[in-house]
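In what follows, chain A forms one complex with chain B and a second complex with chain C.
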Partner chain A sequence: MNSVNDRTRDIGPFVPGPDDDMLICRCEEITKGEIRQAVHDGMWTLTEIRRYLRTGMGLCQGQTCSKLVKGIVARELGVSPAELEPATSRVPMRPIEMRVFANEADSNKEGE
Partner chain B sequence: MKTSAEVVIVGGGIIGCATAYYLAKRGVDVIVLEGSDHIGNGGSSRNGGGVRQSGRDVRELPLVMYGIKNLWPTLSEELEVDCEYHQDGNLRLGKNDKHKAILTKLANNAKGVGLDVRMIDGDEVRQINPYLSREVTCASWCPTDGHANPLTTTLGFYKMARRLGVTFISGEPVKELRVIRGKIRKVITPNNVYEGENVLVAAGLDSREILTTVGIDIPMTNSLLECLVTEAQPHMFDQMLGTAEADFYGHQTKHGSFVFGGSSGLERYNKDNGMVSNSAMTAPCICRGIMKYFPDLADAKIVRTWAGWMDASQDGVPALGTVDEIPGLFVACAFNGHGFGIAPAVGDQLAELIVTGKTKVDLGDLHYDRYKAKI
Partner chain C sequence: MKRYDLIVVGAGPSGLSAAIEAAKKGLKVVVFDENEKPGGQLFKQIHKFFGSKEHRAKVRGFVIGQQLLDEADEAGVKVVLNATVIGLYQDKEVVVKLGGEVVHYKGDAVIIATGAAENMVTFPGWTLPGVIGAGAAQTMMNLHGVLPGKRVLMLGSGNVGLVVSFQLEQCGCEVVALVDAAPRVGGYGVHAAKVARTGVPFYLSHTIVEAEGDECVTGVTIAEVDSSFKFIPGTEKHFDVDTICLAVGLSPMSQLLKMAGCKMEDNPKRGGQVPISDSYGQTSVPGIFVAGDVSGIEEASSAMIEGRMAGNVAAEYLGYIEKDALKEELDTLDKALDGLRQGMFAPSNRGKLIEKTDEGIEVSQSLLKNGYIADEEIERFPGVVRKVGVHPVIECTQNIPCNPCQDACKKGCISIGKNITSLPIVVDGSECINCGMCVANCSGQAIFLVDEDKGDGSAEITLPYEFLPLPEEGTKGFGLGRDGKVVCEAVVTKCRSSKAFDKTHLLTIKVPKEYAMKARFFKVS
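Take a look at the complex of A and B:
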């Protein structure tokens, strides 16, 4: 995206909502209120939200909550969800045991 | 949009954010320009979280020791975020005589500048950390080292600096600096021209190209490092870990996951040169390294991996402080993959330098003008 984003733009005050206790990221147990508050603390991209709160960093790696988080952040910023870049998806595709992952090469054959 | 300030900081990583915060605390008006879309998107968010003194070059030890003594202990309260700082020591592990020689030399150098670090044998290592395999025969032990969460710490500095009135603008990659009447003045991006009485360049690897536009060249190059994180595990230990040969380094986080960093050794010849991307062989290589030291972790599942550039300077320590040729210009780059733990001290001392012209910790050994031809 790389467009100029002035973090001093006024997005209005944080207004508590009746559903702020709702869990949005179930793996890491992050609520809607925490996500909304993080936006007011300056976390204006989904990558920043994720790094600040751990949304989407749990076992499902955001497959469940990323769309919901995007909608909440977009509304708080007063922009369309389409304007927000998703956070990066990262390898491996599924959690994989160290002993299995390590088999990419056989260290015994490398003369160690 | 605000385009002029007393200080313009180029780079919204932890160095830029921390310096902005400590400047704002001293009442200085600051703009921070971040080239990417995200604050702290380079090494600040990609490192292994070490807050470490042992294993460092003696030239940067006084600065990191100052930060660990004066800034880290209260950082979470100060930034109103959980930095997850643990001061439970650092074990730098060895398996043979060659490792022991490397570690002993590092430990002796550090002792020379007053750091409490000593060599211990395999049995003492396993008293401190019972999960380590019998292969470990020695280690250096520094009880005042530790680790923290780079993500919340970096964004915590950002949050507080912003709250104190610092203007942060992301998506503003600086392309050129310009000197006006013998002093630094303009900071130019593809979109805007900013002006500052003082300019700090803290843009990691990109600092080199930016500084070249005013004739300053800091000899550094890129080197890729990768990290992996496991799913949450029961609590095992709180030390920061490394190895003599830097096979891997890491710790168990508050969340329970283990974060380990490392490399395959082939990074310099990566075919994706220029891209921050994982190599298929690196994470498995790190896993093989870890399992030799921690057999119990073999069943831990890796959930995510990532890569980051480090800005590797010719002599392994950062370029920090004033630039003689250009009044008003300051640099803070080339942290060589261990800029996180030292960052609060760098921010605090740079802010002091910019405001008062002096620092509590002598930065002389880190001045950029040490780079000279060998003969």
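Take a look at the complex of A and C:
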């Protein structure tokens, strides 16, 4: 277990900040305060934050906010952003309509 | 499942270069790109590139893009557009969204050249319509012919911020301020100088306090920051703007590599999450390679070389070329890449404060703080000399890997020498014939032809001009100094255009002779 995930570590209480109402994930409308609070709720990894708040799960799939979220979580934990494991990358990499996702081309057919 | 020898993801400079090299070696290659047009960022680059001939210097970015597409076509590369790669698996299965369906492909080798995405910064109001990335501004202007706004504030003084600011001015937008939290201009001094001389004020050690507006951006407040990036109270400045452009760096789009199981690292020097790879792009998964910005943020010229490296390595991996042949190719490419990674802006110098040039000359501090070289600093550089008759004045003051000027002058007036990063000098005893090729060929628009004394109390200055409409002979106006402020009255005596100048027009203005070394831009009155 690395130091980032050592949950016995005391990161201090949640201290409200003046910019807590600033939107960070604009697709899912999550604020800086919500992300900071989530860390104090025990969400110490980016994957947990994503599941808890849905940051980076909207239309842009985290293209805009993932670096910002990472910075906020790292600051709250008192670690360098580079120490935080990024959230898992999964198919589909880009937002895609379910009807397209379900429409697998015949593997024998020329696809283009 | 359809199989290819090599699947390349991304049809930008590195992806296309990789595909061309591999196809030339006999591989069956397909390139997928999610955009409707190929070329990545190249087709948005309307400025002339730096470098040497081998790096396609002085050629405009979009022309390089077209050259690559032609070469790819000739080599038999298949480029599929509107093709979004949504997945990459360890066994090199590539999942592509094509039209309304999902198609699976198998590549014996895969090169990921997905490039980078723009970073954002947050401030109150950052989600208002009108706050856009500099890349978005470029896309609007240069691909779609849409004006991003009328009055723009640019945040970021790296090359992207500088180049896009200049393009906004070319489009007729007013750039009201160029702002950067860093204490020094991040990009090339010549890019900064050509923006500053049009009258754009630079605010270093400043950043955005807030964007104002209810429905969209109507204004912005900036303030000075101290060395720990905290606002200094009382330093606020307000601008009425409709657009705020953010040019605050890029992050590699490396998610596909992580998905495929490649070992990753967070490397701030490379711009964020990048795959761990050797210097030729081999990742921890055999047969999966990377090239270009996705493996570390640099620029298009080095991306093209990295692409060619990865293309060759993939060819060897699949047995299309022998190890010896590969080594030969890579040795040549290594040299080319080394050539680009020289000078003050080399990746190894990132973040370092360089106070003297290689020649031992003090770097212009005004250039780093204000975007222009101060009048009292300019004459210490070797390209700036006083002479009788017409002669080139080369205001190139930083060691960057670029040398088209020395080939441009057929009379041998300009020399850089063997070392591509040396400052250009005006050769003693050489005779300038006022042809203007140096002015047009300098990618940094840093060369002027000056006749300091016409004998009637006036001087003539020929400057590079890339704005429309072109002022006609006899047009009266003002000479602007390097700082963009009016220094004297000026009248256009000549405006030359030629195919050889490649759309850089040569404007000759007549000014009182005491301003021969001061006036560097023309504004119609």
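Basically, the second predicted complex is superposed on the first by the 98 of 112 C-alpha atoms of A that agree within 3 Å, B and C clash if a C-alpha of one lies under 4 Å from a C-alpha of the other, contacts with A are read in each partner's own complex, and residues count from 1 in each chain.
Note that in this section a residue touches a chain if its C-beta (ideal position, glycine included) is under 8 Å from a C-beta of that chain, and two chains touch if they have at least 3 such contacts.
In this text, all values refer to a predicted model and were calculated from it rather than measured experimentally.
Student: Applying the document's definition of touch, where does A:G42 land relative to chain B and chain C: first, second, both, or neither?
Tutor: first
Student: After the superposition on A, what does A:P81 contact: first (chain B), second (chain C), both or neither?
Tutor: Touch status of A:P81: second partner only.
Student: Taking the superposition as given, does A:Y52 touch the first partner, chain B, the second, chain C, both, or neither?
Tutor: first
Student: In the superposed arrangement, does A:V91 touch chain B (first), chain C (second), both or neither?
Tutor: Both: A:V91 reaches chain B and chain C.
Student: Go through the superposed model and pick first if A:R7 touches only chain B, second if only chain C, both, or neither.
Tutor: first
Student: In the overlaid three-chain picture, which partner chain does A:A105 touch, first (chain B) or second (chain C), both, or neither?
Tutor: Touch partners of A:A105: chain B and chain C.
Student: Show which residues of chain A both chain B and chain C reach, each in its own complex.
Tutor: 88, 90-92, 96, 99, 101, 103-105, 107
Student: In the complex of these two chains, what residues of chain C are touching chain A?
Tutor: 1-2, 34, 80, 83-87, 95-98, 100-105, 117, 119-120, 122, 124, 126-127, 251, 253, 255-256, 258-259, 264, 266-268, 272-273
Student: What residues of chain A sit close enough to touch chain C in their complex?
Tutor: It is residues 19, 22-24, 26, 32, 63-65, 67-68, 81-84, 86, 88-94, 96, 99-101, 103-105, 107, 110-112 of chain A that touch chain C.
Student: Using the touch definition up top, name the residues of chain B that touch chain A in the complex.
Tutor: Residue positions touching the partner: 1-2, 36-41, 45, 81, 151-152, 154-155, 158-159, 162, 167-173, 191-192, 230-231, 255, 278, 280-281, 283-285, 287-288, 290-291, 297-306.
Student: In the complex formed with chain B, which residues of chain A make contact?
Tutor: 1-8, 41-45, 47-48, 51-52, 54, 57, 59, 61, 85, 88, 90-92, 95-99, 101-105, 107
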